[in-house]
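Both of the next two complexes hold chain A, though its partner changes from chain B to chain C.
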Partner chain A sequence: MKFCKTYQQYMQGHGHNKLPSVGFKNLKKIIKSCRRASTQPTCPDHCPVCDGTFFPSLLNEMSDIVGCFNQRAQQLLELHLASGFRKYFLMLKGKLHKNHTALIEEGKDLVIYALINSIAIRKILKKYDKIHYSKQGQLFKSKVQTMHKEILQSPWLCELIALHINLRETKSKPREASALFDGCYLTFTDGKPSLTCELFDSVKIDIDLTCSICLDTVFDSVSLTCGHIFCYTCACSTASVTIVDGLKAANPKEKCPLCREGRVYEDAVHLEELNILLGRSCREYWEQRLQMERVERVKQVKEHWETQCRAFMGI
Partner chain B sequence: MANSNLPRRIIKETQRLLSEPAPGISASPSEDNMRYFNVMILGPTQSPYEGGVFKLELFLPEEYPMAAPKVRFLTKIYHPNIDKLGRICLDILKDKWSPALGIRTVLLRYICLSSFTLVDVYLKRPIHFLKKCSKHQSAFQYQPVHGFYKM
Partner chain C sequence: MAEKHNLKNPAVKRILQELKEMQSNPSDDYLSLPLEENIFEWQFAIRGPRDTEFEGGIYHGRIQLPSEYPFKPPSFMLLTPSGRFETQTKICLSISNHHPEHWQPSWSVRTALVALIAFMPTNPNGALGSLNYKKEDRRALAIKSREAPPKFGTPERQRLIDEIHEYMLSKSSPVPQLAPSQVSEEHSKTEEAEAEAQVNLHNPEALPAGVEIPDQAGDRVVEEQELPVNVNSNPAGVEASMDNSSSGSSNQLLQKSDARVQNLKPETRIQKSDDRLFTLAAIGLTIAIVVLLLKKFIKSTEYGAVFMDES
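The block that comes next holds the complex of A and B.
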């Protein structure tokens, strides 16, 4: 079956009519009209059809998809991670009516939604490049990544995959898998962990969970706005801030160590679900790191308060 | 001695350098100081340094990986990016340093630097370059053949 049909069936069949999606047919029509309009075999650098219709409409759709996905993922994670008074408050609000299985299903649906949309976007851009004999599609993709409109860059995707594994492992009876979904799992290749998620047609994404600063498994993981994952302490030292001040205090000029993008620290996301998953999967390492981090944090807190006291006393 | 409370990162990098050495690079830490590395780089093929063996010293400062490693050529070399003391002008060792880079990356960049930058100089000023090569011949103990160092 062609991907276009699979995609449309998925979006209609899963009650996702209300959710934003890629207008596959509409975008294909735009590409075809552009091909008819231009007499040259290749699309010029400034094609009025592409510049004025195709890319802006695709960008809007991508923005809607990412926005919707992030919002729904945050809500779902909030429900799962809520504890104490917060849980009671959500119960009163009527938000916490979902049981364990419903949470798993919704988490799985959101992961599929993210992946199938990323495939749809990739396919339509490939088609664009094929028809126009150009690399404009690739350029657009990299431009979108810098704008953080790429769904696979979203830190919530990583969190949802971790949530799915966490819930599945604590669940008693396994349910039949979706036709589209082959599952998510945490794998260790040569001792290096990664989150793997498989979709139909052997489409697979791997999220590396090795911190590129300490070269160890990420501990107390944090995802920067560019989508790169680091240990919290490593991210703090890269951003030249103390653990006490936190990443919010980072200078906007500080860049991501991997992609050198600026302004990535202030809106960094703490990956709580991933921490729960890794804490369970590699207990010995987690305990060891916990002790090391504790020592480091105590040291930094002492230094912080000493400087605060000195400043207060005017020394 | 800098071996006490050596960061795990340095230990991991050292282990990887010894177990999976990069092509044309041999790097081993000093016995008395694990932050000091003795490096040997083979002159890249199809470059004016082909056949040459170059000794470098690499030191990891206390702030590493937040600060770049200090690298210096011990073998005398003629290169537009390397001064008389063997200090290298390389972006990733200055303002472009990132803690995500490592010893391996830095050394591989050196090989790239000697492969590409000097070829241009050699093509632009062959006579000047050959003179320089013969001047440095004693430092390498190699026979320069058409400006390429041969053992």
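The block that comes next holds the complex of A and C.
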């Protein structure tokens, strides 16, 4: 079966959620109309149909998809991570009525939604390049990545996969969860962890959980807006800020150590679910690292307050 | 080695990780090891890139890692004459401490050595510590470099240099000898050919053949094989197909997982200790409020009863 049909069936099946999707048919029509409009075999550099219709409409759809996914993922994670007064507040609001299985179901749906849409976007851009004998589709894709509209860049995808594994492993009655999606797992290759997620037996997403700064498993992980994951202390050191000040205080000129993209620190996301997962999966390492981090953080806090006191005293 | 060093220092930890990684994935094109007395001092040897005038050469050098490593770049010094870089002089590269603005903490000693090999056949453009010898001179130096390792530093360092040299010789192929006609042909070639080989670290496509800089930016890879996607008309079919595929892989995971992964007791909720305290505090407060309200209510009903009796 063609992917287009598979995609449409999936989206129709989840129509009750009113989720935004890629308008496959509409975009194909635009490509065909462009083909008819231009007499040349290849699309010119400034094609009114492509520049004015195809790419803007695809960009809008991608923005809607990413926005919707991020919002729903955040809500779901908030429900799971809520505790203390926040938990009771949500209970009063009536948001915390969902049980364990319902959370797993919704998490699974969102992960599939993210993956299936990323495939759909890839397919439509491949088709565009194939028809126009161009690389405009690839250029558009890289442009979208710099705009952070690529769904696979979203830190919430990583969090959802971690949430899924956490919920699955903490289930007291595994029989109830047997029919649920089980395509996400934490793998260790040569002691290096990575999150793996599979779809249709043919699509596989791998998220490396090794910090490329300390070359160790990420601890107190944080995802920059470009999608790269680092340890919180490593990210702070790279951004030339103290742990006390945090990444919000980072200079906008500071770049990501991997992709050299600027303005990636101020909106960095703390990956709480991932921390829980790694804390449970690598207990010894986590405890050891926790002790080391405590010492480092106490030292930095002392230094920070000493400088604050000196400044206050006018020394 | 790890026992001697302060593992609380992030730079030391990172260097030890790199050493471990270098030993687990050795290369025939380069070898680098730290000195026993100082982990921030590394000794290396690189093989001259293939299909160039440096082919067959073994070039030794030293790397000085700063105490702020990997946030500050290392400095490089070559000890073997190559005709491309000056010896015993800190060389200027986009990966060295001459250009800290280009340095990325995600780069390592390995990526630096790969880059150094890639830089060898390029045009020096008057960079610090660079030389521009003729091709035949460079070829002669490449052949000479195999004869004996350079003499440099303390006896401990010299021992390490000798060990590295022996390793590189054991892994190397014989030096290609060119006929005089070929030499004259090559000598007549213009500098344009050299300019074509310009290497840019940020553009790995421009690297010479056979030289690759490890890509560390690819965190998330979506692999898509051209497999037929069989999905039923209902979306549940998607879920079912995914369940089947993943159950086998999760079994494999249980078998192959690292020693660090432990069997975990099922818990109904994952919570932090702080959150538990908050929860307990909330429960305590609620109980206290309820008790107070009950007391008030009881008192009020008692007074009411007394008042009624009196009337």
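Here is the rule we go by: the second predicted complex is superposed on the first by the 300 of 315 C-alpha atoms of A that agree within 3 Å, B and C clash if a C-alpha of one lies under 4 Å from a C-alpha of the other, contacts with A are read in each partner's own complex, and residues count from 1 in each chain.
Operating definition for what follows: a contact is a pair of C-beta atoms (placed from the backbone, for glycine too) under 8 Å apart; a residue touches a chain by one contact, two chains touch by 3 or more.
In this text the structure is predicted, and so the values were computed from the model without any measurement.
When the two complexes are overlaid on chain A, chain B and chain C occupy overlapping space and clash. By the touch criterion stated above, A:79 is placed in contact with neither chain B nor chain C.
When both complexes are overlaid on chain A, the residue A:257 reaches chain B and chain C alike.
Of the two partner chains placed around the shared chain by superposition, chain B and chain C are both touched by A:216.
Of the two partner chains, neither chain B nor chain C is touched by A:244. Touch criterion met: A:190 reaches chain C, while chain B stays clear of it.
In the superposed model, C is the one of chain B and chain C that contacts more residues of chain A.
Shared contact residues of chain A with chain B and chain C: 212-216, 234, 237-238, 257-258, 260. Within the complex formed with chain C, the chain A residues making contact are 1, 3, 6, 9-10, 12-14, 83-85, 87-88, 100, 108, 112, 115, 118-119, 122, 152-153, 166, 169-172, 179-188, 190-191, 196, 198-208, 212-216, 227-229, 233-234, 237-238, 257-260, 276, 280-285, 292, 295-296.
Per the touch definition, chain A reaches chain B in the complex via residues 212-216, 234, 237-238, 255, 257-258, 260.
Across the interface of their complex, chain A is touched by residues 7-9, 12-13, 65-66, 98-100, 102 of chain B.
If you check the complex, the residues on chain C that touch chain A are 7-8, 10, 13-14, 17-18, 21, 24, 70-71, 104-106, 108, 202, 216-217, 219-231, 233-236, 238-239, 241-243, 245-247, 249-250, 253, 256-258, 260-262, 264, 266-272, 274-279, 281-282.
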